[in-house]
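Below, chain A partners chain B and then partners chain C, in two separate complexes.
Presenting the complex of A and B:
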């Protein structure tokens, strides 16, 4: 019973924590531009993050060491350093985008000035990260992030022909506008397969003291949690496809998806959507700052962990605080958080191979994994996804330039 | 980072081509349609006052950027009249969104703005199509 409860709570947190600002921006823009035609790409992305998160959790549970620790050992200093630099740049950009999203959501809820809410939002995130234990952080943000389910309610109220929606699950390419379609496909995959998620997941597994007995929890949490999280991505895309596409609205603001919910469910729906967005992006801001600190500490061999006292892991604590402060400075310069999100997702797509190749190698290495190394299914999927990741990495920036960031 | 963002996203200013004019008209159309939806929701009590104020202000700023950019551009030969109409339409949308951001809970005004912005969206669509 206790284990069932643990799994259920983990799944709920994973659903609420699945959507971050990248998912929000790309799913809504994709739905408003191509209707349901990109739904199948969400499925591809969700399966990919399930495959690699399961590998990361398994590696952490068996080796008792997080992925980044092993990346340096397995790939050597130079390749490890390249991975570290790429991951830290992407983490910082993503954290800045999430911090901007927090301030924007707070502004839409309160009406207070954005520039005042940026430092206030960061201060709140710093205090929560400092005082709340790991499980509480994960679950509070995950559970309140479940308010995003209002998008699913709105989607159910809007759709009258589910056959059309289901057709979007069949892989397809539109007759025209191929480059923009590919740009959004790459963006959706980049938003689903963000490196910080796997680093955070694996470090969290070590923090939670996972061992071989937790492999089942790992598998169930990764599969069900991410699959149901993907359901929220569907809902975002469906609402955009039903409401914004017919009116020619190209969402460029964080408030636009919430406006869609208001249009269908009224003021209560609007407030729930904004609270859901606030906690989803707030949770992701914490995950990105911690992920950056985990990577640094694990690479340089510092003491690390949220479960350590701050004095026991001072460089780790200082790292996540500095990442938050740098993210705040980036947003304070006035860059549009939605634009930062688009760039962070695209640059993250470029850095994906550096994150996912070491995971695949280690999960397949009997020296680390013994009898728990990848089976045939995990290897076939892992290799297929790695090929896809390479294609995404190569095409991401050219597509962004050619399509002017999806504007056509 | 600034360099990366600049390399990734910024464009330069220059002559306003037919394609660029269509893009700007499409942006105006999108902003007007979204403004109309927001005004309609505000009028029906479906959006909070704070949300309406802030979101309308963001849409207004975006419409202002379109108006400025169209106003400052050098239209390609044969596009001057269309560019002028597009700039003045973007300016009108900006002004209506500004009024919406200050409309508080005046639902009658919000209803009127919803209708005007819907008409602007149609006008922008026509303009983008070359009519």
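Presenting the complex of A and C:
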């Protein structure tokens, strides 16, 4: 019973933690531009992140080593360093995008100026990360992030014909506007397959001392947590499709979907949506800054960990503080946070094969994994997704340029 | 560590160093080898950080320029080679604790650093 409760709580936190600024931006824009036609891509993305993070969790539980430790050991210093640099750039951009999202949500909630709220938001995140024990952080942000479920309620109220929605789950490509469609497809996949979540998850598993007995929990959390998280993505896209597509609204601010909820559910709905966005995005900001610190520490062999006192792992602590501050500086330039989000997702898609390949190799390596190495299902899916990831990586930037960031 | 044969490329290089108190204290960034008779070599030292990266490819050369002097740890200080390389003494005694000490000076100024 206690274990069941633990799993349930973990899954709840995973659902609340699934949506980040990349999902918000791309799901809403995709819904506003193509209605339900891209829903099936969300399914492809969710299955991908399930496959990928189950593998990482399993590698962590069996080898007792986190991802970046293995990336370096397996690929050597030079290739490992290249992967590290690419990951750190993507992580920092993603963290900046999340910080921008925090400031925008705070602005809509408080009415204070955006520029003032950026440093205030970062200060709040720094203080929470410094003083709160980690389980608390994870749970607080995960649970309050569940306020995003108002989007599901709004979607239920809005949809009159579920047949049309279901039709969106069938893989399809529209008759025209192919490039923009593909750009959004790549963006949705990039937003779903975020490496930082995987680094974070695997480092946590190593720190919690996972072993073979935890493989079942690993599988359950990955499958159910991400699948249910995927429903939030659906809800965002459906709400945007119902409200913005008919009126030709191109949502430019992350607050737009929240205002959409206000249309259906009134002021309470609006506040819940904004609070949900604030905590989902704030939690993701913490995860990205910690992921960046994990990667550095694991590559260079520093003491790391969220259970360690800050003075006990000083370079790790300093790393996540510096990442937060750099992210703040990027957002303070006044560059549009939605644009930062789009860039971060697209560059993340470009760098994805670098992190996916070593994990796939290690998960297949009997020297590390023994009898727990990838089975047939994990391998067929793993290889299919690796091919898909390569295609995404190659096409992401050309598509962004051709479509002018989805503007067509 | 007594003499034994090891696959250096797979078994030691780029592995985690752990000191006698179980704390991470860098990676095996390079190895200093010496001749041991006919076609064989023995490991004399582990090189950690800074210009130890020199020999590690193009990016390593660039990184080595930014890093300082490598720390040399004699192979006799190695207690055990497994998934990680365990050392016989503490990081501070082997001069592997400098990076952490420098960072700690900043971090400790913030209240609550050692909760």
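One rule holds in what follows: the second predicted complex is superposed on the first by the 408 of 408 C-alpha atoms of A that agree within 3 Å, B and C clash if a C-alpha of one lies under 4 Å from a C-alpha of the other, contacts with A are read in each partner's own complex, and residues count from 1 in each chain.
The working rule: contacts are C-beta pairs under 8 Å (C-beta built on N, C-alpha and C of every residue); 3 or more make two chains touch, one makes a residue touch a chain.
Given the structure is predicted, the values throughout are model-derived calculations rather than measurements.
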Partner chain in contact with A:314 - chain B first, chain C second, else both or neither: second
First (chain B), second (chain C), both or neither touched by A:149: neither
Touched partner set for A:65, first chain B, second chain C, both or neither: second
Touch count on chain A, higher of chain B and chain C: B
Touched partner set for A:400, first chain B, second chain C, both or neither: first
First (chain B), second (chain C), both or neither touched by A:266: first
First, second, both or neither for A:343, with chain B first and chain C second: first
Contacts of A:304 with chain B and chain C, given as first, second, both or neither: second
For the chain A and chain C complex, residues of the former touching the latter: 63-65, 69, 72-73, 76-82, 85, 130-131, 297, 299-304, 309-312, 314-315, 317-318
Touching residues (chain side chain C, partner chain A) in the complex: 13-17, 23-27, 29, 49, 53, 56-60, 63, 83, 99-100, 103-104, 106-108, 110, 112-115
Chain B residues within the chain A interface of the complex: 1, 4-5, 8-9, 11, 23, 26-27, 29-30, 33-34, 37-38, 40-41, 44-51, 53-55, 58-59, 62, 121, 125
For the chain A and chain B complex, residues of the former touching the latter: 89, 92-93, 107-111, 243-244, 247-253, 255-256, 258-259, 262-263, 266-267, 270-271, 274, 330, 335, 339-340, 342-343, 346-347, 397, 400-401, 404-405, 407-408
